[in-house]
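First the structure, in the form of structure tokens, and then the observations on it.
Labels for the chains are A, B, C and D, by order of writing; each one numbers its residues from 1.
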Amino acid sequence: MSGNTFGTLFRVTVFGESHGSHIGMVIDGCPAGLTIDLDFIQSELDRRKPGQSKITTQRKEDDHFQILSGVFEGKSTGTPIAGLILNNDQRSNDYSHIQDKYRPSHADYTYDSKYGHRDYRGGGRSSARETAARVMAGAIAKLILKEHGIDIFAYVSKVGTLEMSKKHHEIDPKDIEKNIVRCPDEASALKMIKYIEEIKASGDTVGGVISCQIKNTPAGLGEPVFDKLHADLGKAMLSINAVKGFEYGSGFKGSELKGSEHNDEFTKVGEKIQTKTNHSGGIQGGISNGMDIYFNVAFKPVATIMKEQSSITSSGEETKISGKGRHDPCVVPRAVPIVESMAAIVLADFLLRNKTSKLGDIK
Amino acid sequence: MSGNTFGTLFRVTVFGESHGSHIGMVIDGCPAGLTIDLDFIQSELDRRKPGQSKITTQRKEDDHFQILSGVFEGKSTGTPIAGLILNNDQRSNDYSHIQDKYRPSHADYTYDSKYGHRDYRGGGRSSARETAARVMAGAIAKLILKEHGIDIFAYVSKVGTLEMSKKHHEIDPKDIEKNIVRCPDEASALKMIKYIEEIKASGDTVGGVISCQIKNTPAGLGEPVFDKLHADLGKAMLSINAVKGFEYGSGFKGSELKGSEHNDEFTKVGEKIQTKTNHSGGIQGGISNGMDIYFNVAFKPVATIMKEQSSITSSGEETKISGKGRHDPCVVPRAVPIVESMAAIVLADFLLRNKTSKLGDIK
Amino acid sequence: MSGNTFGTLFRVTVFGESHGSHIGMVIDGCPAGLTIDLDFIQSELDRRKPGQSKITTQRKEDDHFQILSGVFEGKSTGTPIAGLILNNDQRSNDYSHIQDKYRPSHADYTYDSKYGHRDYRGGGRSSARETAARVMAGAIAKLILKEHGIDIFAYVSKVGTLEMSKKHHEIDPKDIEKNIVRCPDEASALKMIKYIEEIKASGDTVGGVISCQIKNTPAGLGEPVFDKLHADLGKAMLSINAVKGFEYGSGFKGSELKGSEHNDEFTKVGEKIQTKTNHSGGIQGGISNGMDIYFNVAFKPVATIMKEQSSITSSGEETKISGKGRHDPCVVPRAVPIVESMAAIVLADFLLRNKTSKLGDIK
Amino acid sequence: MSGNTFGTLFRVTVFGESHGSHIGMVIDGCPAGLTIDLDFIQSELDRRKPGQSKITTQRKEDDHFQILSGVFEGKSTGTPIAGLILNNDQRSNDYSHIQDKYRPSHADYTYDSKYGHRDYRGGGRSSARETAARVMAGAIAKLILKEHGIDIFAYVSKVGTLEMSKKHHEIDPKDIEKNIVRCPDEASALKMIKYIEEIKASGDTVGGVISCQIKNTPAGLGEPVFDKLHADLGKAMLSINAVKGFEYGSGFKGSELKGSEHNDEFTKVGEKIQTKTNHSGGIQGGISNGMDIYFNVAFKPVATIMKEQSSITSSGEETKISGKGRHDPCVVPRAVPIVESMAAIVLADFLLRNKTSKLGDIK
């Protein structure tokens, strides 16, 4: 209940500090009999890892993982799946300069207020390092979803004020990994990459937006009234470091429309009930309707910049601080697999939760 | 775990259908010794009730409530507080025309997909009627927060494309209840009211945005990593009927900024550590820092319109449908106390959760 | 999290004080489509109600109930089922004599220590009155179990030192309701009734043991490692007022045996895998094996006696106290349906929880 | 929700199979600032480890542990504490003879029924090997309790039919570790040891009872109505491998008494409210009253015996099976620290949960 567990039936607990020995995760509630594809898990971690391109941090972490339990002869056993990732780049001596300083827009001050005692090295528990554990759990969630044909993909749709030209229904998911910024619109991608390089050169950082789509979701996922599908997706996204906003379907723009413009009329395509438009973003009353789910996630600029800033020490003195080390100039390219992972965890959880909705299903 | 309970230590369970006999709520975890101000609870329900002005639905529901347990001699006893509200406007004969039709952008189809059997009268469980129970719980949460000096207020900042002129730090909360649209900027309010009246006359509906501010929050509320304060606020808001988006602090706009523009430098004002700017929206690393918390919530237009729309019956036939009865042309004026209530429930919960963060506190 | 909710997927929240206006319950997670047999629920409440025979308290409470939500056209809708029972015998004026006195072996002192403010009338929340809400929830759980052929019955096997002559496998459940002490062994029942009448006449009370059997449970219910089926059954029983002990299968006696005496060898009867003996009580490794589940629950004597006892007032003065009013001389006859109800809630919950154990089941 | 997490605020998640690479645990909710005494944790694991005396299994496992997170500069940080123990005695080749056979009174058949796919080596997840992770978590819980002066100790009070001569209030906890059977009554201990040696020599096993006492608990721990202190203690104990029964205070014997014999009258000793007797076992209405808590836990004989038994294969054929390897002839001596650990986890959890019971406490 202290916030390090997510999910109801597919339940992920994560742990670990940026500069501790390991980070890791435990999944409780993964159904037995699932083939655990280790190569797929590694490939997902590789999409998130530092140092993967010129526009990410140059820190090197291989993020090799180890499964400790819950898998036997290649398949899940229904018991907890624990996984570890070694922190192999723990250069703790780098951090003496910030030990007593509250970095602007970081969590140093709030952790100190809350706990009184904190691991200040690299942000400790508040570092985005912990998201590697989420990607590991998300990869296993994706394996469950694949068994049901559910497909999730995210991509960068905006960097600073540079917005992708294509609409969400125009993109081809195969284009996402074709460039290092993970924007499936080549022209926009080139501009974004150039912009991030300029930002990096100036010692600054910039924010961005990630869009995500979920296809082939069956109707019926989501729970009234608090655990609406989009409410849990929203919480999942907002829990990712640096996220400032979430909107799904028509989103904030939809609030400008009239009901007659916004409503999605039902129709039948073959034997399948569909809607003619999809402002609802695949969710009505908090429950999936079988249409595509899509949403946007806003990320603020990374707080660590190379410029000097004013701050306060833990003993309350005014001080100056400037970033050292190797940091991402823009977080969104590496956050794409994190967004997908959290979406996968939510969907897998609701898939399991929907197995007892009807009396007929439990016989 | 079926989605009708919210919160960890201050835990609210809600129940009831739009046309059942009652809706209600149970709070488990309210500390003992809190004076339960019944007049205040009623005044909060009155702010949400139907029929309160010319721009809301003309349905009449008095929303009188009854406390069944957990309060003795005017004070909470620490045991569950159950409260009921009578549904006194159950005109179920109105609903035969929609019994077998899936209303566009309502939850009829998705509930049918999920459960197979549903109360179709007035939307049943998916109706926003259930939010009255949230307001009752929220009023009690506000009573706890008042004991700590924490103040929450929300207001309408946008209707359709009409945006309030004032910035969030320019408004005076005392102006919110001065007009029926609950916008604390009189000039903007008049335009909004006029626009909603036009929308209503045309048989259409329109969306809008509610902004909310929380003042005097102590530093330290929120839990890493999944239960960040803004993640739970986001989930709480997204769980309200018709909500499509949530952003806090700098929000989606903040994703366009550079780190050097966005970072909030620390400074000291008297003995208090503050930030010079507040793009963080009072939350860093998911934990409150003592500055004002502020966020926006986007609502889609009400789905029930008086115009004819295409739809499908539960047996899969194409059909036509048009709204009957008395519905809100714009949901945001009445949703203001709902937003405040859910915010209060989240804050009360994290206030309790923070009582065991430090060893020193539990002695 | 304050202890008034039980269960994971079939989740029961209860509320209400002995002398408040109502007690009640909310079930979240009852699958949709279940026929809610109101007569059956009433008949279960009647088995628990006061005043039903000469050996129970002579208080009269009809315990009529009302369903407020979650049921439409006679069937569950999958949304929360709220139910109320009116407290029609609230004679609060009886309680001034105990307002400031801590009754021996009651919860007056501990509630005061914990909460500082309590409803002292009739024990308030600590009264066994709340178990009526459990019986209502348990009746609905039984309706789910009936759909799966699972049968639960409990009975009085001991009153004071008077133990039933028959072994648990010798009894016929049809004999349970044939006498007012609910012991399915007529000779023993007569002795027990006579003994309780003597105890009552002397102004004293006496304890007893209830045994319970569960038949036709499928193999596979229960979750490793903390939520073993018998661990949750044990918690459920120990949460009932006045319970001091729980044992299942061979129980405390089993701890005296050797492995070679205690082990249950497997064999095949027709196509079904069974065990030759059943010291395991139908549960191995915390998971049901398809054999009969059976367990014993020990109840202490009712604390309210008509004899004078020493006590302390809330201001710490020595005082004398003696019981007034109408109380049960022995709680076990009326506790039989409570034991069954809690067992039914546990079984229904694990039945739902087992629906996602295997990947094959969730497709 | 799949049963591998225990506790509400002090929350322990465990993982690992008998013959996997590691077993481990994650504690979420340990308050920040607690000194983590590594030597003490190791000493607790040593009390549970195999091979410690002639009356335990001769398997050798050193049970060295490693803390991966949540501790910085020797103190807890409030973030999750993950700990690992290496399984250094994985001789998996020993298990081919039981791969397809359901061992009598083991969990092979029930795991197979539930999951379809299981790690059959050494019982996999159902092995008592997992209790080492509980002891690690329990040691940290004890460190919290020590800060509050709460003291927990358990001991063997019965082996087979050999019962300790001393009453629970006559023992001296310092005598517990003076002999290898952990019975604080030397005469009884010698008999028990001799008996276990005979049992071992005959290739058989025997059950026993562990008693536990908790001293210096403040009044007010425990939550009505389902989460009574003794209900959670009961669940905690019943979740330990091989446990068949739990009783607290007067227990099963108490059900034979009259109210006038059983009631604990209040009195004042100095300024402290106490009871003259303590049949209540320190708990009234599910909440601690400040008196000593005491309870008994019954363990069945270990299921693995060296004698030939009948069984069934997973394909349903009749077969014979007999134990191989090194197993405990009697589980209770090594289960003493496990009982203490689970009790400590329950008490630490309720200590935290009680910090928000009163409005006055949360200011």
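One rule holds for everything that comes next: a residue touches a chain if its C-beta (ideal position, glycine included) is under 8 Å from a C-beta of that chain, and two chains touch if they have at least 3 such contacts.
Just so it is clear, the structure is predicted and the values come from calculations on it, not from any experiment.
Considering the contact criterion stated above, the chains in touch with chain C and with chain D alike are A, B. Among the remaining chains, D is positioned farthest from chain B, on the basis of C-alpha centroids. Separation between the centroids of chain B and chain C, computed from CA atoms only, is 39 Å.
Averaged C-alpha coordinates give centres for chain A and chain C that are 45 Å from one another.
Counting partner chains per residue, chain C has residues 1-5, 8-9, 14, 29, 32-33, 76, 78-79, 114-116, 125, 224, 357-358, 360 touching two or more of them. On the side of chain A, the complex with chain C involves touching residues 1, 9, 29, 31-34, 76, 78-79, 144, 147-148, 224, 351-352, 355-363. For chain D in complex with chain C, the residues that touch the partner chain are 1-6, 8-9, 14, 102, 104-107, 109-111, 113-116, 125-126, 130, 158, 160-161, 199, 204-209, 219-220, 222-228, 230-232, 234-236, 238-239, 241, 244-252, 254-268, 271, 273, 275-276, 279-281, 283-290, 296, 298-305, 307, 309-312, 316, 318, 353-354, 357-358, 360.
Interface residues of chain C facing chain B in the complex, by the touch rule stated above, are 1-5, 8-9, 11, 13-17, 20-24, 26, 28-29, 32-33, 66, 68-70, 72-73, 75-82, 84, 114-119, 124-125.
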